[in-house]
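Structures incoming, each one as structure tokens.
Shared chain: chain A. Partners: chain B in the first complex, chain C in the second.
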Partner chain A sequence: MEPVTKATLQVFRKKLSPAKLLLPSSFIDANEKELLEMDFPNSRQEAWKYTRLNRVAKINLESTPSSIIDWSSYLMVKDAYNFVFQNSECIYKSPDLPKGVSIKIGDEIGAMDWLSSINEGHVAKLNVAHAQNGCVINISNGVQLDKPIQLLFISDGPKQPNFWRNQLQHGKGAKADIHVGYFSKDAIDSYSNVHWSVFLKENSHLIMTKIQNDGDANYHFSTENISQLKDSNFTLNTLTLDGSFVRNDVLVKVEGENCETHLNGAYIMKENQHVDNHTTIDHIFPNCNSYELYKGVMDDKSTAVFNGKVFVRPNAQKINAFQSNANVLLSNDAAVNSKPELEIYADDVKCSHGSTTGQLDEEAIFYLRSRGISEAAARQLVVAAFMQDVFLKVASNELKSYIYQQLAVRFNLYLQEKD
Partner chain B sequence: MANYTEDDLAKELKDQEYKFGFVSDIDTDTIPIGLNEDIVRLISSKKEEPQWMLDYRLNALAIWSTMNEPSWAHVKYKKPDFQSIAYYSAPKQTKKYESWDDVDPEMKATMTKLGISMEEQQRLTGVAVDFVMDSVSVATSFKEKLGELGIIFCSFSDAVQNHPELVKKYMGSVVPTQDNYYATLNAAVFTDGSFCYIPKGVRCPMELSTYFRINAGGTGQFERTLVIADEGSYVSYLEGCTAPQRDENQLHAAVVELIALENAEIKYSTVQNWYPGDKNGLGGIFNFVTKRGVCEKNAKISWTQVETGSAVTWKYPSCILKGDNSVGEFYSVAVTNNYQQADTGTKMIHLGKNTKSTIISKGISAGKSQNSYRGLVQIHKNAHNARNFSQCDSLLMSSECGAHTFPYIECKNNSAKIEHEATTSKIGEDQLFYCKQRGISEEKAIGLIVNGYCKEVLNQLPMEFAVEAQKLLTISLEGSVG
Partner chain C sequence: MITIKDLHASIEGKPILKGLNLTVKAGEIHAIMGPNGAGKSTLASVLAGREEYEITQGDVNFNGVDLLSLSVEERAREGLFLAFQYPVEIPGVSNINFLRTALNEIREHKGEKGISAKDFMSLVREKSALVELDSKLASRSVNEGFSGGEKKRNEIFQMAMLNPILSILDETDSGLDIDALRIVANGVNQLKTDQNATIIITHYQRLLDYIIPDFVHVLYDGKIVKSGGKDLALELEEKGYDWIKNNTLN
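And now, the complex of A and B:
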């Protein structure tokens, strides 16, 4: 394997347009300086130990004009405030936002709208440098949304680079449900890089569910930086249903007491697909709870990486942090690398993690078969039952049925292929 | 053990700092400090080694000089200055000891203070002890009895002289010269250690034991242990470590290689109690050890360790489960207090079919110490039906200490079953309350709970060691609870 050198990152960037998004120039300039010193990380760097970027570094990105698409076919739930991005364009904006909610898109965003955010690593820095579009959502204090906000990001065309940057400010006591969907169309060696900065004020309540349904030829990098203030409650569901290469970096900073954090994830991988979930929950204040559940099924030659970190800082007493990762390997060519980590600097805490890797319960399959269910259908049932734990965490029933439907489609296609 | 109560412990512990912190006033033969080719040649010539051994060392030195010190471990320390260490320090001797009576009485006294009095041990326990003080093995007991069975148990230097074919064949076969920074350093400058060979089908009738002790100031201890269990044999091997109290940091970089051939079983137990530094984190031993074993078909290697000492520990006793149906086990209690830092764990590499591994790791951190578990479970593609169970618990005893877990779980086979579980918590208020409610004082209750917490591991130790380990546990944690 040839070593990746500084030049590789610069070559990779050559055809990318600079950020036209509205990040203050001071922001971009400082970032640029650091970026010039950086390179694609190699597998010697701990955070990229199991995810090789050589394939990514080699792609030749080029913006292509986008086609006309029927975005409504991508909708995950019917009744929502919808926003649709196709490459760097916002092609649909919900006209009727409720009082107290503002969503600014592209040029509407002023330099002052951006709050300072953490941008570590090459993925986040590339995003700062090349972000083309995105939204800044402000939900005012005390606003409780009657229906979810639904954001669709569609990557269209071969070799298409997409950098989306979003920010969400969630007011005191506000309550909202946000569905984010990532899709791709006609993708061949496409690249998307999406960044979210989420700020939860005191006593707010937010459920963010992201569906990654990118298909087979897109490299998808997603970063979420979350900051939680006192008494807030945050849930992030990451459901990777399809995607040839997916990397998720989630960082939750719990910056107030009595917070609750839930991170749930599911990944179902086949062929040569690769998924990498990196999560960090940083407990800075006492009296908080966090729960993490990631489950995955890997078939064919697919690989999965899970790296979950829980930090408990000194004096952050009375923390309960639980983390669990379970994997099923369906094929002998699939692989999983799991690395749950605890770093604890306070003593009055209860923290645990568990990680398992195994296969489907043959007895359960035998039971189903003895009742006349075909082998393939039995396997599908058992897989669905295994993943159920995570899907049940999705609060919205409509979204849940969307997920099941997607899975059924995938499995049926898949079962036909196998038969 | 049964009559040993918590009260006895408390009495014993009063005013006790580091029990083994005495310096023996023995004439030692120490070579100039520094590390270069001449020093390596000097060590080799002092030990009257054959040419192939010298070549091995020089090759290691050449590799080492191109390597960088690793920094990935979760420990902070001032890097040792490798040029200011004396790499060889031996008790001065005019002649080789013919019998036990010839041994310098001062040295005997040292051993007695260490609680491993030869006479007593010989009489009471039947343990054969190979005592390594500052790099040279001074006496080996029970040699004759073991000799009758064909068991070779001697110092490493003797093995180089008398059994070169075995040493040549196996040295570096599990931990290659270029393995890691400290193992390579060890390969260049190792002074002595133990060598053990159990012939085919022999069950070693007694526990073999070595005691390591760093005595002279400004020296490092680089010993090398090689245990070979031939087909169908069994051996239980004990290793204990102590060092005097000094306010400088001393370096200990050992290499242990275990080879379990077909159907053999090796049980390797360590009680490590190097000087941990004083209450302010001054001094103490840097313990950077590479321990690894390889299991052939149906073989079993079991590591048990109780780690209470050292300022900085960096140690991962590992098993390569090469043969089908082989078994690896790792039981560990690591205690850190004051400013101690430990980054310890294991690696279980599953290569063969139906291989099994068990990891039980119990960490206890107190004071301002940092205690990390770092482990790797790797299931290779052909390791069908591999099975692993890992459990890593951490107990926190003070608000300023840290407990960390970094497990790596890599699976490439779909018939493998891997479970990993880790918990971190402090002693439950409810447990304490329950004990106190039944008239047990808080201090005793804590002792009780800690001992119960470690039981799973302590049970794996041979009897004499278990008692010592239990005492050590309490010594290390004295005054840190509540």
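And now, the complex of A and C:
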């Protein structure tokens, strides 16, 4: 395979617009210079060992005019505070928000609104350089949301580049559910790069569920940097239902005592699709718990990467950190690279990790069919059962039924194709 | 109801059934006995549609249809039921949810309307009582964490729910203690009508004390070598399978 040269990243950027969002100088200053010295990482770099970017590097991005879409058809739940982005435009803003919640969009956001941020690696740096739109959410101390905030990001058109940048500041004792959905329409070699910085203040509760339901021709890069202060409780559910190429980089810095962190993930891939979940939980303070559960179902020639890092710093005693990654391969050509990485520098901790990869239980499918259930339905039941413990972590029943519905659609379509 | 003619089946090129003939009519109970390796479970598997087996010869007529041309699920929808020798544990799939899906697919096949949740639940209560299966078990994951006896009772519970016209009980008695055996047999007896039929596959005569067969067949080396009434089972128990082996060889 030919090596990707520095020129490739510059060629890739040639037709991209500079950032439209006003970002602080601390983000921008060194960014451009560093980008010029950088290139797409190759497989010699550990974090990209199993994720080849040659395909991405070759695409010719160019913004095309957006079409008229019925965004309501993309809604995952009915009753929510909705915000909809279509390419670089925000096409819908919820007219009302509860007291104590502010959401700034696009040019409403000033440079001062952005808190500190880690922008390492080419994905985050590209996001700084080309951020077109996004939101800054502030939830005040003590606010408990009555319904979720639902954000839809729709990539529209072929070769469409999208750079969205968002921030959420979650006040002391606040409680919220955020649903984020990523979709694409008429994509051919399109590219989405979305960046989130999330700050949880003391004693706050936040559940963030992201549904990645991109079509078959979109490259999706998602970065989440989370900071948790003491007594906070954070859940991130990453559900990758469809997408030709998906990379998730999640970094949680646990910067206070008595925190809880839950990272749950499910991915269902087929054909030549690729999904890569890189997670890092950095335990800096003692007396915290983290739980990580990622499950995948892989068919055809699809590939998955799971890389779960857990750091326990020297003073972070009494940490419980549990991590598990389980996969089912539906074909002989599918592959999973699963790599847990635990770095523990404290001596009074409880940490565990496990990784399994196996096949769907054909005996179970025969059993269900022998009761009159069609093969398609039997496979769907067994796959859903395998994924169930991840889906059960999605607290919202409405969102859960959306997921099951998408799964049903996916499996029926899919089995028809195969016949 | 079912006519099996000159059935030959093999697995991985090895012949197991070598010309089996059997006719079962509505209202009848047939017992098929035989030593280990005679082909008893193969017969059950072939009738249910397990794909590992290759049918090399013969045909099976089930209520006017060519059974061997149907998929596993189509056979079930036509009214065939197999009670598994080793019921499968399926974590995460709820027993009653899957049964409702199955029942509705069978009803749809017959051109009937789907069952309402309320009617379904009362059916669950009625049928689980039949095999003394705790209704809590009915709502758990399929067979997960069930004891051996509970698994077999769950098979008969499913049979009661789906109301098949031909049930094949594959070694349903194996591993059961006498109480569980009595419960299972009692369930099967209560489900008996003159419209349906049962094939009991067993190694032991014991089950036949509780479920009285109309016919007993001895399967040996892939063929039925002897048929008779219920007394044949007693004779077999007394003389052992060597008696058959020696007779066949001579």
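In this section, the second predicted complex is superposed on the first by the 417 of 419 C-alpha atoms of A that agree within 3 Å, B and C clash if a C-alpha of one lies under 4 Å from a C-alpha of the other, contacts with A are read in each partner's own complex, and residues count from 1 in each chain.
By our rule, contacts are C-beta pairs under 8 Å (C-beta built on N, C-alpha and C of every residue); 3 or more make two chains touch, one makes a residue touch a chain.
Everything quoted here is computed from the prediction, not taken from an experiment.
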Checklist entry - Putting chain B and chain C onto chain A via the overlay, clash or fit? => result fit
Next on the checklist: Looking at A:K350 after the superposition, I want to know if it touches chain B, chain C, both of them or none. Which is it: first, second, both, neither?
Outcome noted: first
Next on the checklist: Contacts for A:V250 in the overlay, against chain B (first) and chain C (second): which applies, first, second, both or neither?
Outcome noted: neither
Next on the checklist: Just to be sure I read the superposition right, which of the two partners does A:A80 touch: chain B = first, chain C = second, or both, or neither?
Outcome noted: neither
Checklist entry - Of chain B and chain C, which one touches more of chain A's residues? => result B
Checklist entry - Can A:D361 be said to touch chain B (first), chain C (second), both, or neither? => result second
Item to check | Arrangement angle, chain B at one end, chain C at the other, chain A at the vertex (C-alpha, nearest 10°) | outcome: 80
Next on the checklist: Contacts for A:A385 in the overlay, against chain B (first) and chain C (second): which applies, first, second, both or neither?
Outcome noted: second
Next on the checklist: Tell me the contact category for A:I373 with respect to chain B and chain C: first, second, both or neither.
Outcome noted: second
Checklist outcome for this item: After superposing the two complexes, the shortest C-alpha distance between chain B and chain C, in Å, is 16
Item to check | List of chain B residues in touch with chain A within their complex | outcome: 72, 74, 379, 381, 394, 396-426
Checklist entry - In the complex formed with chain A, which residues of chain C make contact? => result 48-50, 71-73, 75-77, 81-82, 84, 87-93, 98-99, 101-103, 105-106, 109, 141-142, 158, 162
Item to check | Contact set on chain A toward chain C in their complex | outcome: 361, 363-364, 366-375, 377-378, 381-382, 384-386, 388-389
Checklist outcome for this item: In their shared complex, chain B is touched by residues of chain A numbered 46, 50, 314-315, 317, 327, 329-332, 334-359
